[in-house]
Each structure stands twice: as C-alpha cells, then as structure tokens.
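So that we are looking at the same thing, I have put the structure below in structure tokens.
Read from first to last, the chains carry the letters A, B, C and D; within each, the first residue is number 1.
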Amino acid sequence: MNTNGIAATAERKDLLSNAQAENEAARTLSKGGPDYGVTFPLWRAAAGASWHDYTRHPFVEGLGDGTLPRKAFMRYLVQDYLFLVQFSRAWALAVTKAETLDEMRACAKTVHALLDKELHLHVAICAAEGIPEAELFSTREAPQNIAYTRYVLDAGHSGDFLDLIAALTPCVLGYGEIGARLASRGNETGYADWIATYAASGYQDTCRAVGSLIDSAVAYRLGSEPQESPRWRRLCNRFETATRLEVDFWEMGLSG
Amino acid sequence: MNTNGIAATAERKDLLSNAQAENEAARTLSKGGPDYGVTFPLWRAAAGASWHDYTRHPFVEGLGDGTLPRKAFMRYLVQDYLFLVQFSRAWALAVTKAETLDEMRACAKTVHALLDKELHLHVAICAAEGIPEAELFSTREAPQNIAYTRYVLDAGHSGDFLDLIAALTPCVLGYGEIGARLASRGNETGYADWIATYAASGYQDTCRAVGSLIDSAVAYRLGSEPQESPRWRRLCNRFETATRLEVDFWEMGLSG
Amino acid sequence: MNTNGIAATAERKDLLSNAQAENEAARTLSKGGPDYGVTFPLWRAAAGASWHDYTRHPFVEGLGDGTLPRKAFMRYLVQDYLFLVQFSRAWALAVTKAETLDEMRACAKTVHALLDKELHLHVAICAAEGIPEAELFSTREAPQNIAYTRYVLDAGHSGDFLDLIAALTPCVLGYGEIGARLASRGNETGYADWIATYAASGYQDTCRAVGSLIDSAVAYRLGSEPQESPRWRRLCNRFETATRLEVDFWEMGLSG
Amino acid sequence: MNTNGIAATAERKDLLSNAQAENEAARTLSKGGPDYGVTFPLWRAAAGASWHDYTRHPFVEGLGDGTLPRKAFMRYLVQDYLFLVQFSRAWALAVTKAETLDEMRACAKTVHALLDKELHLHVAICAAEGIPEAELFSTREAPQNIAYTRYVLDAGHSGDFLDLIAALTPCVLGYGEIGARLASRGNETGYADWIATYAASGYQDTCRAVGSLIDSAVAYRLGSEPQESPRWRRLCNRFETATRLEVDFWEMGLSG
C-alpha cells in the first residue's frame, strides 16, 4: 500500500484532482485525525513517539514541501516495488489465517489490489524514469526492506490473524494519515501526485475498510473490552515495532 | 473448484447451453484426453487406478446418467461449500509460496474466483433447496473433507510451491476432465447443469491456465527433464494421495 | 504420544510393574478423574459425548479386557508409527509459535521424546512381530491418520499457539486418562504392557506437565477468566474435533 | 549457534584448553579450509566477497587480537541471546519441513542444544557482567537482528527444507570457520574463550554433522548433480543474503 504514489501519473483519470484531494483531506482531519475506526487510534497512541517519527519523518516532510531529492524518492520507490511483492504475500497469508468469510474476502481483495494495480503503477513510474521492470525485479532488497517485510510475515506465522493485522496496520493506515495531512497543505510540488493518491477518496475508503476489518477482528477474538486482554499490550508492541521499521524504511530512502 | 456445479441454475446467462458444452467437450476429448499441458498427463498416468477410481466413481456416473440420489448430491454440495473455504486458503497459501509474479497473480486470481464466485453459487443452489447460508457455514466438516483439505494445506506448509500445486491439481483438472467427458454423452438429466458448468469453455480455460502454471512451475524448479529429478516420484505421490482423497470425498457423498 | 504402548516390552526396566501402575492409577482416579490442571477438565466436559466415545471406545475396552484382536492392534500400531512422525512435526511447530522460553522448552522436550524414544519403541515392537522399519515407514497413511494429523498441523498454521495446543491435547491427555483407568482394573492380558506404559508415573508426569503448560498458555493469552473470551468456544470446538478424529483412529484400527 | 562464546567461562570443564583448541584448529585448516562437506565450499565460493566481509569483519578481527571494545562485545552478546531464541524457532521449523527421520532428528537435536545449552551460557556470561536474564529478554531487538532472523524463518515458510537450510548455514558453519582460524593464531586475549568455544572439537563436530546434513538434503532433492538444477543459483542467493545479514549483525555490534 506504500505505493500507489504514482497513480496520479499513470492513471490520472482515476484520481481526484489535487484540489479535490485537499478538500477531502481537510474533512478527514477536521476532528484531529483520520477516522479509521476505534482500534487504530489506541494502537497509534500506544506507539507514542514512534508514530510521530514515522509520519513526520524528514522524508515525509520532504515529500510535503517538495524538497526531497529525486534520487532519494527513486531509491525509495524501487525498494517499495519489492516491498509490495512481499506485502502481497503477507495479505495472502492473512487469507489463510482469517476465521470468517468476511475476513477472507477483505484480505483477498487487498492482495488483488496490490498485485494487479499498485505494482503496475510502480512499473509505470519507474519506466518513465528509465528503469525497466526487469531491473526493478532484480534489484537487491535493502536490509531495511527485509527487516520490515519479513517481520510482518513472521508475525502471521508465529501468531494468529490479529498478530498479523497489527503488523500490517502501520503501513496501510499511516500512508492514509500522511496523505491526508500533506494534501491539506495544498503545496504544488513535484510530489503532489504522490500525495494526492493517498489523500484521494479511493485510498481513504480503503483505510476506513481496513480500520473496520481491524475493529471486527479484535472484537471477534478479544471481545468488547480488548484492552483488558493480556494480549493487548503485545499487539501494541507489534504495531509499534512495525512503525519503527517504517521509520527505518524512510531512512533507507534518504541514504540513497 | 469442486463447485460451480450450480452456475447453470444461478446464472444461466453465463453458461454455454448444454448443447454447446457437449460440442466443446467432444473437441476437448478428441485426442484421448483434455489438453491441460504436459505435466498433468504424466502425473495422471502415475496415479494409475486411483485416477480411474476418482473420475469414474459411481457418484460421477450417477451425475452422468442422472441416477444419483438428490440426497447424496446435496450432502456432497454442502460439504463442498466447506471444502471451498479451505481450498481458497490453500490457493492463498500458494501466493505466499510463489517465486515469480506470474505465479503470484495466477494463484491470487484463483482465490478471488473461489471466494467471490463459486461460493456464491453454492449459496444460491442451497438456498433454492431451503438451506440458508448460516446453516451451510455451521455444518460440521466430514472427516473426508478434513482429510483432503488439510492434506493439501500441509503439502504447502511442509514443502514448496510445487508440493502444494501437485496436491491442488487433482481437484481442479479432474473436474475439468469429468465435466468434459460427461458432457460429451449429452444426457439430459437433473444434473446436466452441474456437468455443463465444468464442460463450459470458461472452466476449460481455467484448466488450461492451471495446466500451464504447473508446467512453468515445474520447469522453473526441476528444469527441462523433471522426470529425472529425485523429487519427481514424491510429487507423483502427492498427486496420487490427493486423488485418493477425492475418491473418499465422493464416497462421503454417497453415504449421505 | 499415542504410542509408547510398547515400552513395557522394549524397555521393561524403565517401567513400573503392572501392580505399581495399578496403584498409581487408583490414586490418579481417586477424585473422579486424572488431575491434569484446570483447563483440561473444562475442555473435556465441553466435548460431551465425543470424549466418552473416544476414551470408552470398543478398541479401548478391547485393550482393557484383552479381547482386542491382535490384527487390529497391529494395524493401529503401524499407523501410530506414522502418526508419531506427524505429531512430532506438530510439536515442533508449537516451538515456532510459542511466546515464552518456558513454552518453547516444553514443546522442544516433547519433540525430543517423540523422535528419540517413542518411535524406537514402535520400531522394536513391530520388529518383534516381523515388520521391519523400512516397511513401517513406507506404509500408506490411512485417511483417518491423514485427517487427524493434518488437522492438528493446520490448527497451528491457521491460528496461534493456543489453537494448536487445543488440538494436541486430546491425544496426550486422553491416553493418560485411558491408561490410568484401564490399569486400575488390574487385568492381566496381552495388552497389560500397553496399559502399564500410559498408567506409569513417567507418562502421568508428562500429562501433568502438559496440563500445566496448557493452563499457563491459556492464562498468558486469555487472562484469568478464559471462559469469558470469545475464543473459548472455538478452542473447545478444536478440542472436540480432535477428539472425534481420535474416535475415527480407533475405528480404523478395528477395521484392519 | 552464534553463541556459545561464553562456554569457556561458564563451563570450563567442557572445553578444550585453548592450546588444545589451537592444535585442533591447525588440523582443521591444514587443507585450506574446514571440512564441512561438499556443498558448503560451493555455496561459500558463490557468495564471493560477502563471505570474506563476514568472516574477516573488523568485529571478528577485534575478537582475534583482543582489540574489540568490551562494550561492542556485550552489545553483540545481548542481541545474540535474542537471535538464538529466533534461531531455535527456525531449526524447529526445519523439523516440520524435513522429509526423512534423519533430517527431523538432526534438526530437533539442534533445537535442543540451542534452547538447553547455548541460551544458558549467554545468561551466565551476561549475569557475570551484571545483566540479569529479565533484562536480556526484554531488550529491544535491533533491526539487524530482526532482518536476519525473520529472513531465515521466511526462507523456510516460503520454500522447502533446502531453502531454509541454505539460509541457516552461514551462521552455523561460518562460526566454525572463524573459530578455527582465530584459534590457529593462538593469541591470548580477553576473547580467547569465545574463540576456543568455536574452535573446540565439540563445535567442529557439530559443523561436520550440519555439513553432512546439507549434503544429504541436497542429494535427496536435487540429485547427484545439484549444480545443474535451476534451483542451485537461488539457493546460492539465499546463502549469500544470509551472509550479508551476518555482516550487518557484526556492524550492529560495532555501533553499540
């Protein structure tokens, strides 16, 4: 999900104009944060400074005001292509660990979106920069990429659906939050399209759907007072670990 | 895949007429067997009598000439609904074990088809028989169902993509072969719609695509002379074990 | 664990005499059932008639009074060898899903016991009956064996440590309960050694250790009132499904 | 396996004297490299400069001549404790993916050694430095630790036994090679005990056993000319990726 940054370039017709995205973002943020359900704000709060480090990272700020070097962006984007391949595997793993048909379908839908939409967008933007897909695919994964993606997959293999979802959340919903916030500033920069993608109603709808999936999954397993469960703190830890690995991923982009 | 038997009832417009299916089937079989690639005929031959026991089972013959008791069909169909849920998980597991994007996409496509098409069809036909989906979902899995589905899933967890694919194949391609053969007889019975579904070009296309996926996957891992690999015999064993578990699945239907 | 039936034959020195086992069993049962912790009695009660069907199965009664045909016993024993191989895999999977070092060590210890003790015993008893290990290992798994072992493995892959443990419990603790009960009768039959093995203090200690592992694992994940968790009923279902698959396993023996 | 560095301190009686280790090491290296079977040298050669970067890393050289700052060593050692927990899980996963009893037993033996020996040694040495086990266990995993361990686990989940073994090899055999080489220099430094542990015949025996396991596993799956298999290059890539993650692990120590 890290990803569809390039949609605006590749398939502009599917996107809101940047102005529309800006309005959308303003509504999203009007109550102090995006509305992605009841669990997400709790996990985000529990992640403390790590969440801020992730969503207000210099890489993000550089996207927002356009000062991010193109080289850093491209380094990020190529790694993000490889990230998406692994992230698709993680959402497919979620299908195998779901306990209801609704959970299975929600996760399968995400796999489909990642493999059949987002990846094509990365390919398109990279092609425009002169990087053919064969080169993308054969690029060596950065250690920060390995750490993040394999941590998420292992969360699924070692635990249950909820452990996996907690590790998947920071990427999906964090990008929604970042997109909405940056779009509300309305800067016209070289990265406005990237921002518009995540601020767009399509992506924000996905975020709300994932937020709803999380809430249902939590209720199904932990009941009506999930914070009373002994698992709660460990789920918060998973969320925070994935959040810190997002920070490292931005760092990797800057070091490029 | 076991499944879309009911398509003709639920969505007749998507189907070939039975007459068309019959012609299609005649073409499919004109060379002595359906053309699902080069690996499938080798695995089928290695399964020996088990393949015959599966594809010529009395349950199948009863579908073909219309003598299968409705009660047996319905017992099968309800279990097949539960089978499909697990089979979707197995194809999602294949996404996580694929090594190329083409493999990932082919498997994700199958997950999508199972969850968003076939399951709805089972629900429709069962609803017509007065069985609401809630009852379907809460039905206890028959031991034969558990044995088959969990064997396939374990093939994936214990081995690699190829082990999983070898265990997934008998169901997908066997139904294609059965559908084509029964349709070529052209009997007008109460199960003609079930037969037409698997004989239809849509399903036969799926079979050819899966056959092609198998051939590619084998070449990617075992090279140009796969029969020389020490794994070949073990892959044949997986295929045959899954085939025998198909036989047990038909038996379960008859015992209903 | 299904297994060490033959210990008395193979390594008599490690075993209590049958008379000692009988006394031990009487103590174990003095309070109405073996004392394997607080969770096990709840799961057993929730399994209702299935638990009775398993622990009072005609196969078991035939072991108790010596009327079980030798052929049935041997068919069971050969399949049980294959069962143990898969059961070792399931306990190894538990190591990968444990969340504390104590859990990891308890499960690793069981893997070690299964692979390095029980399997040798099966080999010994079968050798005495003229069945070499190569024949054992190449025996085809019965469908009831596949159903049970792969169900347990899948419980681990699809869920968390607790899902796996719930599916592993009926075999381990049920054999302890059966052994204790049959030993308390004190019959001197051809199967007295099998009974003594499970009634012996060594096996009963294992049962108490596993019971304690279950209690700790439940508390670690569901807290002090696990029955209030929405997962409770589903864990009971896993336990009961595994119990019913034990019944089928005895049936397989009888059908031999 | 990263690990038993501290054995000499904790259980000196189990160890060779450093002088003995030195002699042992000289023999080991007399033919130009340790003799850990036929596959390992091929994988090592294919890893090219990465293998040199790992086994001749400044951290390693600092261990060899005693110039490694104690702070760096302790940072490494604490992370290595956490590494071992995950590495135990990876060897347990190998038990579930083994296809022969010999493979299962060899892997289970390693799990046992890691959980019941090495971990205690880390606890002992850290206790001597005033770090209680509770602090060890609650230490946050460094990203380099997450990357390496979860990569290995994912190699197992996404592939077969061979994929997992290829990712497990650099740690086990690389430490053997490093220990043997450093011991042959015979320096008496503050890290002589660490070196002696890996140079000792006990550890070298383990390396030869693992080397033999690898050779058998390769032959069982790829046949007598494994380099002709299309999988060969990808297995070499797994080995090399794990090797590079070892380099990052040393870097993490130095950055402490």
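Here is the rule we go by: a residue touches a chain if its C-beta (ideal position, glycine included) is under 8 Å from a C-beta of that chain, and two chains touch if they have at least 3 such contacts.
Computed from a predicted structure; not experimentally measured.
At the interface between chain A and chain B, two copies of one sequence, more than half of the residue numbers in use are shared by both copies.
Overlaying chain A on chain D by C-alpha atoms takes a rotation of 180 degrees, rounded in steps of 5. Averaging C-alpha coordinates per chain places the centre of chain A 36 Å away from that of chain B.
Each chain gets a centre from the mean of its Cα atoms; for chain B and chain D, those two points are 45 Å apart. The set of chain A residues that touch two or more partner chains comprises 89, 96, 153, 157-158.
Interchain contacts join each chain to each other chain, per the touch definition above.
Listed in rising order, the residues of chain A touching chain D in the complex are 89, 143-144, 146-147, 150-151, 153-154, 157-158, 241, 244-245, 248. Of all residues in chain B, only 96-97, 99, 157-160, 163, 219-223, 228-231, 234 touch chain D in the complex they form. Touching chain A in their complex are the following residues of chain B: 85, 88-89, 92-93, 95-96, 101, 104-105, 107-108, 111-112, 115-116, 119, 137, 153.
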